[in-house]
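The two complexes that follow have subunit A in common; it is paired with subunit B in the first and with subunit C in the second.
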Partner chain A sequence: MTGMFASIAWRNLWRNPRRTLITLVVVAVGVWSILTFDVMLKAFGTSSRETSLRLLTGEAQIHAPGYLEDPSVARRMPTPGGSLLGALDSPLVDAWAPRVRVPAIVQSEYRTRSITLLGVSPARERTVSDMPAQVVAGRYLSSDTDPGIVIGQHLAEKLKTRIGKRLIILVQSSDGRLAETSFTIVGLFGGTQGAQDEYAFTSLRAAQGILGVGNDVSEISLFGADDANLDGVVSALKSAAPALDIQPWTTLSPMAYTIETFSQTYVGIWLMIMFVLMAIGIVNTQLMAVFERTREFGLLQALGMRPGLIVLQVTLESAMLIGIGILVGIVLMLLTVVPLLGGLDTGFLAQGMELIGMGQILYPRIDPAAAAGSCLVVWVLGIGAALWPARAAANVDPVVAMAEL
Partner chain B sequence: MRAGLTILMLLVLSAVPAMAAPAPDATSILRRVSENYRSSSSQATLAMTIHRPAWERRMQLKSWTRGEYDALVRFIAPAKDAGNATLKLGRETWVFNPRLNQVIKLPASMLSQSWMGSDFSYNDLARSNELVDQFNHRLLGAEQVRGRTVWTIEAKPKPGAPVVWGKVNVKVRDDYVVTEQVFFDQDMKPARRMQTDEIAPLGGRPYPVTMTMYPLDMPGQWTRVQTTAGQFNVSVPAWLLTLSNLQNPRQ
Partner chain C sequence: MSSIIQCRGVEKIYRQGDVEVPALRGIDLDIQAGDFATLSGPSGSGKTTLLSLIGGLDRPTGGEISIDGEPISGMPKARLADLRLHKIGFVFQTYSLIPVLSALENVEFILRLLKVPPAERGPRAREVLRQVGLEGLEDRRPSRLSGGQQQRVAVARALASRPAIVLADEPTANLDSQNAEELIALMAELNATSGITFLIATHDSRVIAHTRRHIEMTDGRITADERRGADIAA
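Coming up: the complex of A and B.
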């Protein structure tokens, strides 16, 4: 029975190929834009998060209480030991790195700038941050006691200095004294201009030495082993070190979090707009089709076909039409996105992208479940919209209909 | 007769070091320079001219110092700047702005900022002994300028010293007044030059009363400081170098 209706519906669709094709194009373009936007915006969101987290933030950070409000040398904590070290080395945590992080002044012969000085443990730093890999000239720090300094390429230009030259770093040491130390530049890093101007890296021991803080650190940055269970990791660390301030990235880097949430909302809004446009197209063409076929529906009813079956007949046509449109849309989306899976270089947008903390290369990922969800929503709502022309077809009075010429 | 001989001997003996003086070593020359500037306290009136290619500004200020680390500087003219004051006690620095009527403690990060828009930083004002302590010195030569000996000394930073300069060339007149300092960058290119324009007796000692700083990477830009009046080793009352006097000046 349904098989018969389906084959009738299929034949009906192609009785007016031009009209059917127009509706197909409307649905296909709509679905294509929804799916492609979804993929691209998710890539934006992920890139923004990754760039931000792999810069220095990590997925979570541990500080002494008050450090986030006043990042001075006084807000420090001992190198992790005991239960905190146990929690950090547990399988819950994928990677962690200790840092000394204080405001500092850098001086060259010509210029003076405010920066943030980071004393890092190079081997551990590489596991939580992409900064070591962004060295574009010279080298990164080699060990925990490396006497050199790595600064941003752009900062080096501003300071009119280069690799091999000395810089003076001024910091307020733990006894309140202004400590001045000379460091030789061993490497320059690239990446976002903001980071280049903001950060300078020395080895952990060198920074601890000039600050006079022994083995104390300012910050621990870490990545959890399981993305989905970050809250669990944070609460495990909190119970291991109740006196310390432990925050996930969602509070440390609210901009990245907002962008990620925003892109999801944006896709939702886009889906709604596109759907309304598609629905107008579908309802309009289907209504036209139904009016043209008034005599046919009148005849069918006169032959004893019940209005319910006419609704079913017309709805089936719409379902097929929208379904094919969705399939075409998916194919179009794949044609657009698959060539970009290797990475989309947005260098031409670099400055604007940096402003919102994104990397230059986006890596789109197709999420089949999300795509299927969007398609299903479009299909079901599309069929819902098509009920209107279907009801119009069922409401035809056979006598009036057959009297028409 | 015997007494006369002793006096003669003493004269001769005392003349010996005097005759040996023209060839002292570079480090002791700079140490003498530093001692020459130093005093237990001072009070001075200064004029500062900031020159830029497009404009020039002249300000007048009074300064008081006590020991090596404590100082108060107050601007007295023009009216726009009058009342701005900087107080340095030991390692801490405060600024007072009369329009805000507020005292702000300068964070360490501000110390290397330009002082009142000049070519001097807060740090420049504070760093006095660096040239003696952080550098190795070498006497390059001596020349006669208007009948006086002027030594040229090359100062290179000691290894690990917190100094950005590649070297500093200092010219010192034989009365231990610095006549010129040229700061070279680490490529040994001159980066800035401090020149003494006028030496005059001040408070009983020869003093560089007019000095000009030229940042050599900024052509047409300089800052000149003129000491118009000054006294050394005066008594500075205890209340003068205090936060309360910074905000509500009694003098």
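Coming up: the complex of A and C.
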């Protein structure tokens, strides 16, 4: 139906190839930056979330009510059994690990530090946390009854101790007394300095023993199945254990959640900035094109083309121009991002980034729906901006067609 | 014969800052359907201005113009566009064609605006181009046609839309005498065969020699209006 108008629009675009190419470059670079920025920020958000969740948090945690406000030995729960165990072992949950987790004092011959003591079940712990894999000297705990302790390398330096030496752990036991037990250091872990200074790991049984809590635990960390909706997993667990406090990572680790949310906001702001620049480019070049063709628009009106149709004709031209720019931008984005799909090592930035929990390697993922959405926004808003030059064309006084050259 | 063009007391005053330039000072004119009329007069006498008012490209500052009995001075822009599309064809001194379209497409374009079905457009456009002697040049763009050929395309376009009136402003001004002769002969022939009314502003005595009616303008007024009984071209 618009075949003739489309071919006129297309040919008009190439009357001034240089100008058309400049606008194309502006749109293409703008779209490229929006899409690439989006992909990289999302990869960053995912990576920081993964890193943070694979530290200790997991995707969700189960505690006795009140534990999150007051993580003391009193706020504990029995080892999962019955319907909770059934839910944890169901296909909804990928992995879970029980922990005893209490504040403690660690003492070497020279120094004393306050830490968080975690009694873990090593085999299960490996399925929900990367910390066992971060041992840089010695070994991780080998069983639920391992008598050793694993601490951060940095903490060991601060305590002026090393593998093979003994440490005293002081905790408030379940009966309110201060319990004191000595452990031999069997391994040191690396990773972030904050984690190195904060955590010490013993076996689950050893921790339960010094606290005198029998088989009780403080915390269960878990990951939902990949294809399961986390909210669904959480509510399934809640109905299996209505008396317990079950929270998703978004409330447990607000920092990771904030970074992920912010990335959306940044992409939005970037889209606006780039869009304003693109709109200025489009309006400028199209206005120039219209002014150069003033006489022609007079002619079109003299021939009986309605002003509305002239707006359509010029807008079609802009829509094509912006559309091609967007396609080129998509291609540029693919050329940039596809080589990075295997992982982008940000080791060179890692020092600074660790502070906000970014992992060393980003795995960019292209989200076709989000990309299509951004492109559509640029296209529609770009066409909106191009209505200005289109109106200018329709407002050309038809009498200029008569003017002598 | 009925008046296809009727001007009553038409005035046009151009304003340039504080200066008023009266271009038309009260034109009363009736052109009958099927007429072949020329308009001449010294430079600045108002020929172009009168044609642009009759064609609805501009509005008079006084008086009334009717096309086919319809007063046009109060018509909105879009209706004026429709009026031009359906009733008026233009041939300008230069630049009467859309530069990005071939000769054939320029003619098809007007048919597209008239919503002629696509299958009919091509054959109809070829036929009128053949009538104006442009067979074989259909696919050339205006930049690759001579001035005379371009004016023929403009005439072919006017012919294809079957307007009531063709308004031509100095159509031969940029043509050599042979091309000018041929263009006039073509217009006279179309006037005779299809009954289209022609109003041509021109200084060209060869054009004037073909006409049934010759109007002289001086200083925004009609100073002579000469009708001839016989069509000299016939």
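Definition applied: the second predicted complex is superposed on the first by the 394 of 405 C-alpha atoms of A that agree within 3 Å, B and C clash if a C-alpha of one lies under 4 Å from a C-alpha of the other, contacts with A are read in each partner's own complex, and residues count from 1 in each chain.
The rule is short, and it goes like this: a residue touches a chain if its C-beta (ideal position, glycine included) is under 8 Å from a C-beta of that chain, and two chains touch if they have at least 3 such contacts.
Model, not experiment: these values are computed from the prediction.
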After superposition on the shared chain, which partner residues are touched by A:Glu109: those of subunit B (first), subunit C (second), both, or neither? first
Now for A:Gly304: first (subunit B), second (subunit C), both, or neither, which partner does it touch? second
On the A-aligned overlay, A:Ala243 touches which partner chain: subunit B = first, subunit C = second, or both, or neither? neither
Give one of first, second, both or neither to describe whether A:Ala228 is in contact with subunit B, with subunit C, with both, or with none. neither
Who does A:Arg295 touch here: subunit B (first), subunit C (second), both, or neither? second
Just to be sure I read the superposition right, which of the two partners does A:Thr181 touch: subunit B = first, subunit C = second, or both, or neither? first
Interface with subunit A, subunit B side, in the complex: residues 91, 107-109, 111-113, 121, 157, 160-166, 183, 185-186, 191, 215, 217
Sort out for me which residues of subunit A touch subunit B in the complex. 103-105, 107-110, 112, 114, 160-161, 165-168, 170-172, 176-178, 180-182
Going by the contact rule set out above, which residues of subunit A touch subunit C in the complex? 3-5, 8, 11-12, 15, 295-296, 298-309, 397-399, 401-402, 404-405
Which residues of subunit C touch subunit A in their complex? 48, 51-52, 55-58, 77-78, 81-86, 88, 90, 92-101, 105, 108-110, 112-113, 118, 157, 169
